[in-house]
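Shown next, in structure tokens, is the structure this report addresses.
Labels for the chains are A, B, C and D, by order of writing; each one numbers its residues from 1.
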């Protein structure tokens, strides 16, 4: 659901600290008709210019807090942090020197677990300009 | 400037009070590369389904306050209420029973006074669905 | 606009999901859209349109009640979900699922909804859901809370099941056993589809299906229905084979060729016992009728059977059409409400 | 990335206006884009990207300085406007305009900008602006404040004027008279256009102009420029007439056919006195050069003339291309910065 829209170009850019690029981030929207707890994210898989992003390098930013991506996949992660329907979830990839400014081919696979339907996976591929 | 975008379909709907429709509103975006004080609005002219909206029926909603449209055109209207660049200005047309829900042809002429260029007028016509 | 009719019309805000997802309308805008369609009841998915969910603050409750007053509508139903597969390798225990279900029921009460659409284990039959949903044992545990709060659990009977499918009966029996009549049947018009909607054809074709085959099968379904005979796919299968179905067709056909409407007689018989109804629809035909559900017949059965309660518009065509552009959900619901009023004789 | 070069490169956030208007990037995103292009200076339009304008809270100042530190850039210039026609039937008095100008200068100081692009009365020559902008008298009144705060007023000399146009001189004279050297000349590369950019052709054609004629005139302009001879429209006018120009062409041609670059020699002569420079551009050609301004020549003149200060990218192609779709401003500025670094020998 919403496959064409789960990968957005909003806020697509490098992340800086003290004058240096330390990563880059993209904003995702949910592939379902309602919001879900973060712990119901089954998979966020990113490929940039044909190269798989290491899940260990990914952090998820949500309502002013930041969680290592692998953390939200763990059993007993809190059930009350909702990825709100229609709102963006920011995924930052930690990487020294970030990503070269400009256009990159980004592929996202987003899988979420739902109540009564099996885990649904949406895929979206776009050329995004990273600021 | 931004002619195609000055008339938006965001929040396009009837306005209700106590279970009754008392008007309808549209959200506009500015036709310039910066924000302008509300008093620099030279004209907001609306035509709905070919019929001109009476300027006396229009109110402008801005940062939690509401001004009769004709008020913002008056000399000495405050100069520090900015229509922020990229943000929407809500125009509500007071009308008993509002507008019939559904699609209507809306034409907007928006003219703004600027610093060094003559008053610029943008026109936009769209079919909008009023909720 | 509030009435005192036996059958009242509502809108599930689910119908406006694209407007919300793409930020055209916020919760208030969706309620305004529902009220503007002429509906008097609101069904809300807390998971979708209450941004602070799973918490509901007093401030939100006040805002909510204010919206109900402003738009002259009433809160009717809140949708419950059963996210048991909460973690990758671990599921909620029955106790935990019970806690979450209680949360939905208390939220319904806070918002003044007399009904919770409960996601019971047989919602879409058996064998499809990957986890055990809210089963009879859970419902039994929830009944005292529902009785205390006065909230009815509506068992949404969605295709491929029907309201008279015996798989829903144990829920009613447990309520009877406890003497707590707070669980009841909810019809969803998906059970009354006599063909598949043309809303889905475009998307199926974009996924690789053969347009001619889809139209042929759909027309055969319609012909059978309007001739009053059952549609049997095996009877046209040889004709479909001649049209050279590809692999996508072969995957899709068994699913969409199954359509046949549940009995209107049964609906009439059950009508007075139903606690809620979903007026599901996907698209209209050239005559302004829902293009795969016989609304005049379905609504007649409900009316003649003495249904008392809400029928809420549940537009689902957005999902099969929004991959290629904007679907005007507000316009769809407006027409749907007008059609339902027509069928029920409310326009005359 | 901060350097201690004589000529530093900046970006006017004006370049990212569509990203901001359409909510792709907020102020921080635009600063990140500028920093990512390799620039070390930021020019900001308070009227566009400071949402609380005309007020600047301490909280905003802290955020701003934090952003400068995070992205390793420095604030360079804030743009002043002269909205004298504030009301429909009444204009700001000179006193009121002075107050507003002071507001911009104080804002620049608060944000750490050493320069204010002042919208002086001869910015785009005379006879076009509907009101008297910030004239010599106003600038004279502003000089003491600028001297006190250490803020330089940059007189942006935009086409059709040039830096050596005598209409700018009275401003410099009044500063000299007062012994307050806080007003200076700012070059804008619009003065160095040797043809019109192809960025505008699409829009002009969409407005009804004849594509063949536009290309013919543009090619004639380019031919003349690269042959080192002045472009005289009258010499090709009879050829244009044979192409049957329509009314739109006749309206557009006098405006776009006027292009001829100001003198590089003069630019070199003035370079060491300039206080700020706008690297205006609209589009690139196939070779990665700006398609209507001779950047190698212009930057050579500035460098050889001993310019010390910022050249800021000012992308304006968005305005002539965004009526038919998204213009990738970030990519344009990135290429522009790379081109300027090339021209200045910063890449070797």
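In the analysis below, contacts are C-beta pairs under 8 Å (C-beta built on N, C-alpha and C of every residue); 3 or more make two chains touch, one makes a residue touch a chain.
Not measured: the values here are computed from a predicted model.
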{"item": "Common touching chains of subunit D and subunit C", "value": "A, B"}
{"item": "Of A-C and A-D, pair with higher C-beta contact tally", "value": "A-C"}
{"item": "Separation of mean Cα positions, subunit B and subunit A [Å, integer]", "value": "37"}
{"item": "Length of the line joining the C-alpha centres of subunit A and subunit C, rounded to whole Å", "value": "31"}
{"item": "Touching two or more other chains - residue numbers and ranges from subunit D", "value": "23"}
{"item": "Residue list for subunit A, restricted to those that touch at least two other chains", "value": "none"}
{"item": "Chain contact graph, described as a line, ring, star, complete graph or other shape", "value": "ring"}
{"item": "Touching chain combinations (by label order)", "value": "A-C, A-D, B-C, B-D"}
{"item": "Complex contact set, residues of subunit B against subunit D", "value": "1-5, 29, 33-37, 39-40, 42, 73-77, 79-80, 82, 84-87, 113-119"}
{"item": "Interfacial residue positions of subunit C with respect to subunit B in the complex", "value": "1-2, 19, 23-26, 29-30, 32-33, 35-37, 69-72, 328, 330-331, 334"}
{"item": "In the complex with subunit B, residue positions of subunit D that touch it", "value": "14, 17, 20-23, 45, 47-49, 51, 53-55, 81-90, 100, 119, 123-124, 128-131, 133, 319, 322-323"}
{"item": "Subunit C-facing residues of subunit B, complex", "value": "9-14, 16-21, 98, 101-103, 129-131"}
